[in-house]
């Protein structure tokens, strides 16, 4: 079985918007998508079985049911999907993953919002820059809600770059949001800004971000610990490892 | 010839339970499966010829007959199988191995119990944490016998992670037991706990573990010596090497 | 979709000349092709989707529309195409890329001018050496406009070498221009010389190069910064990065 | 042409025994097979062209005829084959080689004796331990001639391990002899013991080993020189190199 | 287009002899073949497009026409071909190259002379050792013209080893000449000896070698410079580089 394995046939979605949260610079995408899923209590909607994803399995606190490390969560009320991942997607697998995911979009007429950080330091009181890029009807949608166009030329790489590359290649509608973020550390403030001024306007409703800002320091520490654990892991040997509270 | 080569047609099993014992963190799975095989004097039931397993051969003390490095042992009285391995299974081969093994399960309606350690230090008198995860009917089975659900989120990698990933993908019933174990050293106490409070309840009968606890220090030293020998081995050159008493 | 994706059906070209500008020694090809595109305000004519190009996407200052990192620009008035790239093309992908690009040439009867530097130091007032090589009708064309034949034997490697190798193999017409350039640094003066004494005569009209010469020092610094950024980029992690003014 | 290329149709063999001599720990297998070939003046019977063997060629002192680096030698009087090799067989190629070789066995009903050292130091006057393992009718054959069964569990890796693994997989008759040998240096004494107490009894006739024992020191030095030369060889550059007297 | 692309249909050859000159130990083969081509003013007869050869292109001093880096030169008067190369052939590509080249031989009934050095120091006045090896009718041909058989066992590796291995495998006629040469430096004296006492006798006419001996020191220095340049080349970046006078 390869592809998207929908677990909840009782959840009905009508041309939903998907917010992608793969790990990347500043972890802004993952922080934002995880935040949406928790804030709106989105339900675990589908397991993602795409070639190239690492052959591992995950479980959640208090639940014995095993799940895939990359999953879709849904909020039928808001017509919203979140793509959450417990693992990085390697560059070699990114194109394969993009093709696997986008072939499923077609069935459900999904409009994706892809998220990327752009590494840049900033002063403490400063607000991180944010701009939007797109393909198909994506650019017009960004203009409608007043998200800035980029004020410099740039390049998006990694799995999010592959997803956007695939959208350009196939000519489908997609939106990319790019937020300035600190390159070395997880950046919850940049993720909050991304949610408030980028994702919210595109979705058409406000998303509270107090949690991301109030617990910024805890999140930063938990994520740094997680990154260290993943480097220590010896992949030739089976093991379980905890994913942590703000994973 | 690829797959499971059953050597004992005289051994009759009816929808048996399989306990997996591939090398992993703390060697808990291997220690547990080897302990079951020795305690119940299980018979060498099948050789395992799956693609991706290292092309080596093993022999046992006092027996001239060559066998595969990964083997199944059976106890028809207890309707039990143990998967024992003298070699590590590489991550690249793990998915292939999972598919090879699970395609055989279907014929015999085998229910697998997969074992993994989770690296964590503990005080001497402390009992290691243990919890269960599963797919298909696995979660309900764990609840019936009162094995805890996980008290944190986590991820299982390595060959055991691949076996569980394959079970999630194919939707079949499987159980995973995760026990806290010391990451660097073999941990016979954790293996004993895994057998007593995890495998025993699932099998429905008690398994004596005195041997694992009484010889913990000898086992630890023998296993450490084994690990060292395997690193020294020069794979481009043919050689035999001893596997040791508590291998 | 693999191949050349023409975006502007309203742009009409009749057996055009293509100037290739992939990154290489002294960045002379990229500097020259980018200079042509900016000087003649060439329009973004086609996205290039060839196997082996990195799966990334780019955007330009002030424009939300995502584009491919390798693109064709056109000037219908001058019957000219420029091949511009924001990314290096790996040696492994170069033959595949050459085949993808040349299969499109056949439809439009495109005559390519390939550009390469040859690393060599020179005194400040000295003019860099320039010579031309070719296949098919290319050599005669060079002789007609008086571009020197090489005064030493030589070898062209990298993606430009692969494009020329492919032209030799298929027997088609192509021209290669080779200019002496400083190996370690971007060399805008060599690029200016290449444009003025090589590309201009072949195209049959003069191309102003003051901009390349007047801003040589700025270009050099911007490019060096760009090269450094690309080395720092962690490819396993998604991110956007700026491409800079003289990118 | 892949497979075994028999050069001597005039040599007639009837279900012969083959003694394998690929390089391995202590070089015991190579020393033993080469010793048999020289002692019985066995004739060059076949060239071995199996996929995965290095694409090199060898020649012998005083003979202009080029041969393959892996070859079969025959003694029709004693119904004996020796597999000699001038090159190591890589682990990646070992399974392929095993399959290539064994597919030829079937035609000639060949019974192979595979040889492996097991690294272990010993005092000067001590005799190295020797035991036999087998598949099919191999174990019984070992018992008949009184070769010990192993006194510890063990694992055979490298090309000899792959040949034995292949025999287990296909269920054919094969014998493995394992002799204790010094791991770092060629060990002619262990090879002599292997020939005298292992190969001889299995063949049913005595093989003089004085030569191996009397010239042990010379052999050791020649082999060490050879190993050094092979490491120095730059494989990207064609070259001939001498193989030495006791090669 | 893969294979041999004959450029000169006006050149007529009748079962010619081919002298191979790929780079190898002491560069003796390349020096010898290049020397023949220059001495007899052989014409550029064919481009060689075999899979696995590096995708680069070369040009010659004073000539705008691009050529392949591996080429055949012909002397119809002497019924002679020389295989010249501006690039090394990697071991991985060597078998593929051998097969590509030999499949063309069959059409033209070409008899190849393959050349290899064998690294060995010598005193200044000493003449380097030379001997011949062969397959098919090759050995007899060597005996007829009195070229020594080897006075030690040996192994030929690299692309020349692959060409000879392929000849053994296919059973065709080929000759290999092996000359002692200094391993680290280009050795024009050894190449001269190879031409005078090996190639000349086989071809049946004398070849003057004064040039190789008189300019030995210049050749050595030019070649060493060339080797250095090739190591400095950054293959991910397109560039031209000079091949030098005695390239």
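For clarity, chains are labelled A, B, C, D and E in written order, and residue numbers in each chain start from 1.
The rule is simple: a residue touches a chain if its C-beta (ideal position, glycine included) is under 8 Å from a C-beta of that chain, and two chains touch if they have at least 3 such contacts.
Not measured: the values here are computed from a predicted model.
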Item checked: Target chain D, source chain A, minimum contact steps -> 2
Item checked: Superposition rotation for chain C onto chain E, Cα-based, multiple of 5° -> 70
Note to self: Given that chain A and chain B are copies and touch, would you call their interface same or different according to whether over half of its residue numbers are shared?
What the structure shows: different
Check: Roughly how many whole angstrom separate the Cα centroids of chain C and chain D?
Finding: 58
Margin query: Report the inter-centroid distance (CA atoms only) between chain B and chain D in whole Å.
Written below: 36
Check: chain A: which residues touch two or more other chains?
Finding: none
Next item on the list: Just walk me round the ring: chain D, then chain E, then whatever comes after, in order.
Entry: D, E, C, A, B
Next item on the list: Using the touch definition up top, name the residues of chain B that touch chain D in the complex.
Entry: 1, 5, 47, 49, 54-69, 86-87, 233, 235-244, 247
Notebook entry, point to check: Where on chain D is chain B touching in the complex?
Noted result: 22-25, 29, 88, 90-91, 94-95, 98, 116-119, 132-135, 138-139, 142-143, 149-162, 164-171, 176, 178, 183
